[in-house]
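Each remark here refers to the structure printed beneath this line.
Note that the chains are named A, B, C and D in the order they appear, and that numbering of residues resets to 1 at the start of each chain.
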Amino acid sequence: MALPTITNQELLVERFRSIRDFSLKLCKPLEKEDYVVQPTMDVSPPKWHLAHTTWFFETFLLSPFSKDFKPFNKDYALLFNSYYIAAGERWVRSERGALTRPTVDEVLEYRNYVDQACIEYLVNHQLSDREKYILEVGLNHEQQHQELLLYDIKYILGHNPLFPAYTDVKTKPTSSVGAAGWIEVSEGIYEIGHQGESFCYDNETGIHKVYLHDMEIANQLVTNGEYLEFMQDGGYTSHQYWLSEGWDWVNREQRKAPLYWIREDDAWHHYTLHGLQPLDKDLPVAHISYYEAEAFATWKGYRLPTEFEWEVAARLTEPDIPEYSNFVEDGLFGERVGQGYDFFGNLWEWTSSPYRPYPYFKPDEGALGEYNGKFMINQMVLRGGSYGTSRSHIRHTYRNFFHPHLQWMFSGIRLARYK
Amino acid sequence: MALPTITNQELLVERFRSIRDFSLKLCKPLEKEDYVVQPTMDVSPPKWHLAHTTWFFETFLLSPFSKDFKPFNKDYALLFNSYYIAAGERWVRSERGALTRPTVDEVLEYRNYVDQACIEYLVNHQLSDREKYILEVGLNHEQQHQELLLYDIKYILGHNPLFPAYTDVKTKPTSSVGAAGWIEVSEGIYEIGHQGESFCYDNETGIHKVYLHDMEIANQLVTNGEYLEFMQDGGYTSHQYWLSEGWDWVNREQRKAPLYWIREDDAWHHYTLHGLQPLDKDLPVAHISYYEAEAFATWKGYRLPTEFEWEVAARLTEPDIPEYSNFVEDGLFGERVGQGYDFFGNLWEWTSSPYRPYPYFKPDEGALGEYNGKFMINQMVLRGGSYGTSRSHIRHTYRNFFHPHLQWMFSGIRLARYK
Amino acid sequence: MALPTITNQELLVERFRSIRDFSLKLCKPLEKEDYVVQPTMDVSPPKWHLAHTTWFFETFLLSPFSKDFKPFNKDYALLFNSYYIAAGERWVRSERGALTRPTVDEVLEYRNYVDQACIEYLVNHQLSDREKYILEVGLNHEQQHQELLLYDIKYILGHNPLFPAYTDVKTKPTSSVGAAGWIEVSEGIYEIGHQGESFCYDNETGIHKVYLHDMEIANQLVTNGEYLEFMQDGGYTSHQYWLSEGWDWVNREQRKAPLYWIREDDAWHHYTLHGLQPLDKDLPVAHISYYEAEAFATWKGYRLPTEFEWEVAARLTEPDIPEYSNFVEDGLFGERVGQGYDFFGNLWEWTSSPYRPYPYFKPDEGALGEYNGKFMINQMVLRGGSYGTSRSHIRHTYRNFFHPHLQWMFSGIRLARYK
Amino acid sequence: MALPTITNQELLVERFRSIRDFSLKLCKPLEKEDYVVQPTMDVSPPKWHLAHTTWFFETFLLSPFSKDFKPFNKDYALLFNSYYIAAGERWVRSERGALTRPTVDEVLEYRNYVDQACIEYLVNHQLSDREKYILEVGLNHEQQHQELLLYDIKYILGHNPLFPAYTDVKTKPTSSVGAAGWIEVSEGIYEIGHQGESFCYDNETGIHKVYLHDMEIANQLVTNGEYLEFMQDGGYTSHQYWLSEGWDWVNREQRKAPLYWIREDDAWHHYTLHGLQPLDKDLPVAHISYYEAEAFATWKGYRLPTEFEWEVAARLTEPDIPEYSNFVEDGLFGERVGQGYDFFGNLWEWTSSPYRPYPYFKPDEGALGEYNGKFMINQMVLRGGSYGTSRSHIRHTYRNFFHPHLQWMFSGIRLARYK
């Protein structure tokens, strides 16, 4: 497992504080009531995210390593363990929204207690490599939950018939779409997987070679306008574009448009973090299930890229993660990203690759080994990060994954084709 | 339909204020978070009760009768209509717990707005008989929801693994159980149904005669101690005591004890409004489904009374509703009632009577006709009121009703037998 | 428990043979394939009925009383016990249609084996009263299953898109409907329940008095033509006629007409035992759920009779069961009955009475005690027998019962009103 | 699309007859009753298979190409279309077991009618390339359903508590397991996909290169004995070996052993086509879900091969499909295969590859395009054929696929590892 990049104590504490505080910043616009509910299985109450990320540091760093540490409340382990079987009993996931206690204020106290203990520990001890690694996992874990927080908040507010806005901050999205085009990838052997010393998840490890055939990948994401054409051409009523399970999903769930698209006064609107707004055709189409992404690509006569094609193309085109101004760190929550539609920080881009282990993959030890490997079935890989992803969290090799029917995450479509 | 008892304006306003305020008093011990959730289909968020009872006055009194009245928020009609099809579209019941907005504070504003409008209307208009009747229905409706509020609050707190108490007020229940005995009812013709001018629901109307055979009814409710004997004698594992659907329920739901009974440290506890406490064997057994009530009676060699036997016996024994000090008006939430276990204000007592219309029953007009009649199938009648029922709300003829598998209400067992 | 009517051995053997043979006669028109399937939970494979009724005699008569009797196949007890928990393990009901073995021929062998053993026992032993009673229960049980056989066969064939006919025998229904009218029942005390020495089920026992108010009951059943008017007046789209659970049922199941009504070539047809035929408006409307029956009565401004009103009116009007020529004994399976629509042998008539024990009801001993009592919840009483009921099986006091949503039995509507 | 191999008319007719007849041969041991039922969603009634394969020739060959052809019965199209949306309406899959008509005899007539029409057409017309291709698809389709027939028959008989045997033919399986060992595959670029003129499915097309790393693949399948060790080591109670969805499956379905393993008299038995038999530890473990296969491999410290590794290793080791004597053509239905456990004709071997399109994959035109492509999600690839696969049906490049939780097919485990 790669070693963490952290080199000195002050920086480490600063980084810890800043990431932990950002979770709270994300929740600022919420009312107490918004913290509690779970309108659907996949959504967790915001309060739960705040507590679970805290439990993570308590359970994996403080309890095993910090001798004098006393848990804040021994009952919390049951409540805030998500899926780590090796870490003990868990409250059943579907019932997270039934828990009104501990209150938000008590959860904030809990965070504060654990933060103080962590910082004290960081300041007073020389961390071992394992401790550094666990800390780094904890911080990346927090960043993942920050993005989930945004998904869940958007779901909670966006499924309320009053359609409250999450933020008043007006973004000025430069709606100018760049010229559509294709980026070439040449046939040959490529190396895939995380290289170097910096942090990565275990699912990116196992450097290995893949053989790619000549292909081209789109230089920007599919827009709402393009997706509307698919809909107007009968996309949701024509079985031939859909995977069989996708077609069942469309009919069972009565899908007629992406999630958050709402027909009102004879015009399409979409719920955004700024509230319900008329559909902007130039924005990339978002909240797309894999089924919809593949159906769209089939209708268009193209396909989705594999995760390997994506990784190679992204590295060729953008060797460094760009310094976009609308990453969540900046508090500007747009539904799109600056100039042009590029590989990072717009939307998670569905690839045609099922989520499976790389050759030589070895899961981490102990409960942390449950982080990734056990989910490697029936899910598809997404790449590139979204406007809800922290810039310090994303990488060329980063593998996100969701079940093909899900829509509540910030997902979009990039097309590909063989030459 | 019987006319309301209200005779003068000041009294009416006073009564309105006092009943409306009591809903808020009941919610005092809650945290904001407690107001929002719906841990199971039958439970509604406390916030929803506060808003729905307000919507009732707005929809059935102010909107049709008060010329200048403007609804507080036109979107609320969708959110806070419960099941009145004739009153328009409704938010689906199972999704009440997904609504974080309006917030508790906004709901309180809503209540205040409607209360002001009501009081102004009461003060400035001479109410017609129909208006008086609707007002009275609205107040009784509010009292019913006050009791449901208690059920739902208890469910929300009692299913939280931290088992928070609802109230710190210590009741001093006089645990002395009176001498068990039987009350006789003689064979003959009896008149059933609400008589006189005072308010009643439409389901109590249709005065009619029934023929009763000689029988006896217990002078007190079955206690936790007696119920424990049933359990220890294999009550939950012996099919012969159970209705077939009850036996299926026991096995499907893996029932082994009443709701809120918890085995801890090798002893039975029960969750009460004062928190988790060692089981008090002298208290009447509560949170009993009809299936359990009938199984217990069968095991004991007795039966449950019919609702007619109950009504006759209660009227003979207690012609007036007693002035018990532990009705919810007094803010003393005990799990039992003063001296002896009598007919009113302990627990709702399951009768063996299915909930069906009386002869000559005529549902009320319009949407209010949906109040009772449409539920007259697959439910059983309960009588007598519970410690969560306002004393001004209960009557000898009052018919409560629940599905036979439900347990979250304050229900108990009174036995009967033929002579 | 009442004693059986059987007085001499030859008659008894003759009666046994004749009833047992009639089950086979009913199955004559079937193909082997028709014997096996269970298209819905409530339907049992015809093969299963033939075996289960045999198991009944084997288990309750031969095994306990006939010393030398050896069961045909010890594995059959598991397969052909229906719901008698006291009689041992049971194959789960919903999986009856998965059992291709034993084959039909093996089941016929099983019947033959048990029939021989029974007859031998009847011939060679003086039956005790208990044995006589059990035999009589067994024969009545077989007659009940004969009627269920018809329901299930009709369901199996009537849900096949090829709509095969069950029988070619042409009935000549005299379509002349009598003059509609009302039969009066006067206010007073009446005695309810089975009297005399003849056989009855335990649920008819407990002779007791009821008080009836002045009322009138229709002299014939509601016809297809009358029901069509209800449909054309928006019956299935108007919530106000329906019980709340009925309205949910209509919408969930998308009901628009009675079971077996099929819209084809712009006209209503109904599937009958003679195949798919144009709707005959003069026939009594059949395959009606309780929800539909009550909704129709409400729409019409009337109500359904209670089971007590029905019993009193039937006894007054037809003190003897009439000798109708189209009872199933005669092999003439009509969808209606001779002259006029009278109380017996047309369709089971929904009453407004929930199925509950009579006063003084005592279930039979042992496993036979599971015959009736444990089903006395959430079901409604039907009276009068249908064209699928053997004439020797029906009585004025006979209480049939079904859940309110069911339609596959031969059920219809008779109206009532207070004077 | 590759052209069919058929070169002359007599051979073609002979091949047609022989494959069609083999379906009937497979059904010989069945009772009429066995043909009808559908004990679980994935199982189809044997009768349905016989009719559906006939419908295939009728719909895709005769109707479009043979001018004078008249369908046997126009209602059959609805009943026997499986999932071809482009070919019209379909009877809902879950209700196949409700159809008792057409009878088995009528289905046999239907087969005969269509067979005669096909043979006549083959004899009297010069087939175009498209017709030849469709005929070939039809024959391969029939062979696939022959294998499904065996799965379904085994399921129907093996879930009957009487455990009837399918066949009395005693196989003499040579239980001698070869010496376990590993076959090496060297790192490098390999070509994948069907080459040459012979028939293949569209999912095998798209010849492309893959890069394999040095690895080894087991020379035989995992045995019952080895699997038993996994069980005895707590395999089914240790979460760490399982994918998360696999672990949920184990607990939800209460799995403790492979399908058809039955604990009786304190010893493991398994239901086979010869009836219930004591477990033979030397046979390859069968009826394994993907979840079980991967859990076993993880426990053992190895992994499953990718479908590419499998294809390369199989081609290296066995360039020709061996002439095994226990393919179903020979009517010898063993649970294992002759000498040694090789790549073909034992059990379908789970690979670690999700079922996705090959590069350059193009689905067939029209309704036949629904044959494969639309299922390429959430399923895993299996390779090699089973003892239920016709030898003329299997190829090195053949891609079978099932959902990871399924067990009713003839599936097993071959291990792999990196060097």
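We take it that contacts are C-beta pairs under 8 Å (C-beta built on N, C-alpha and C of every residue); 3 or more make two chains touch, one makes a residue touch a chain.
Remember, predicted model here, so these are calculated numbers, not experimental data.
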Show me the overlap between the contact partners of subunit A and those of subunit B. none
Measuring between Cα centroids, what's the chain most distant from subunit D? B
Report the inter-centroid distance (CA atoms only) between subunit A and subunit C in whole Å. 60
Need the CA-centroid distance for the pair subunit B / subunit C, whole Å please. 38
Gap in Å, rounded to a whole number, between the CA centres of subunit D and subunit C: 46
Shared interface positions of subunit B, touching two or more other chains: none
Residue ranges of subunit A touching subunit B (in the complex, touch as defined): 31-37, 39, 47, 75, 78-79, 91, 95, 97-104, 156-157, 159-162, 164
Provide the residue numbers of subunit C that touch subunit B in the complex, in ascending order. 83, 85-86, 189, 208-211, 213, 239-240, 242-247, 290, 352-354, 356, 359-360, 369-370, 374-378, 404, 418
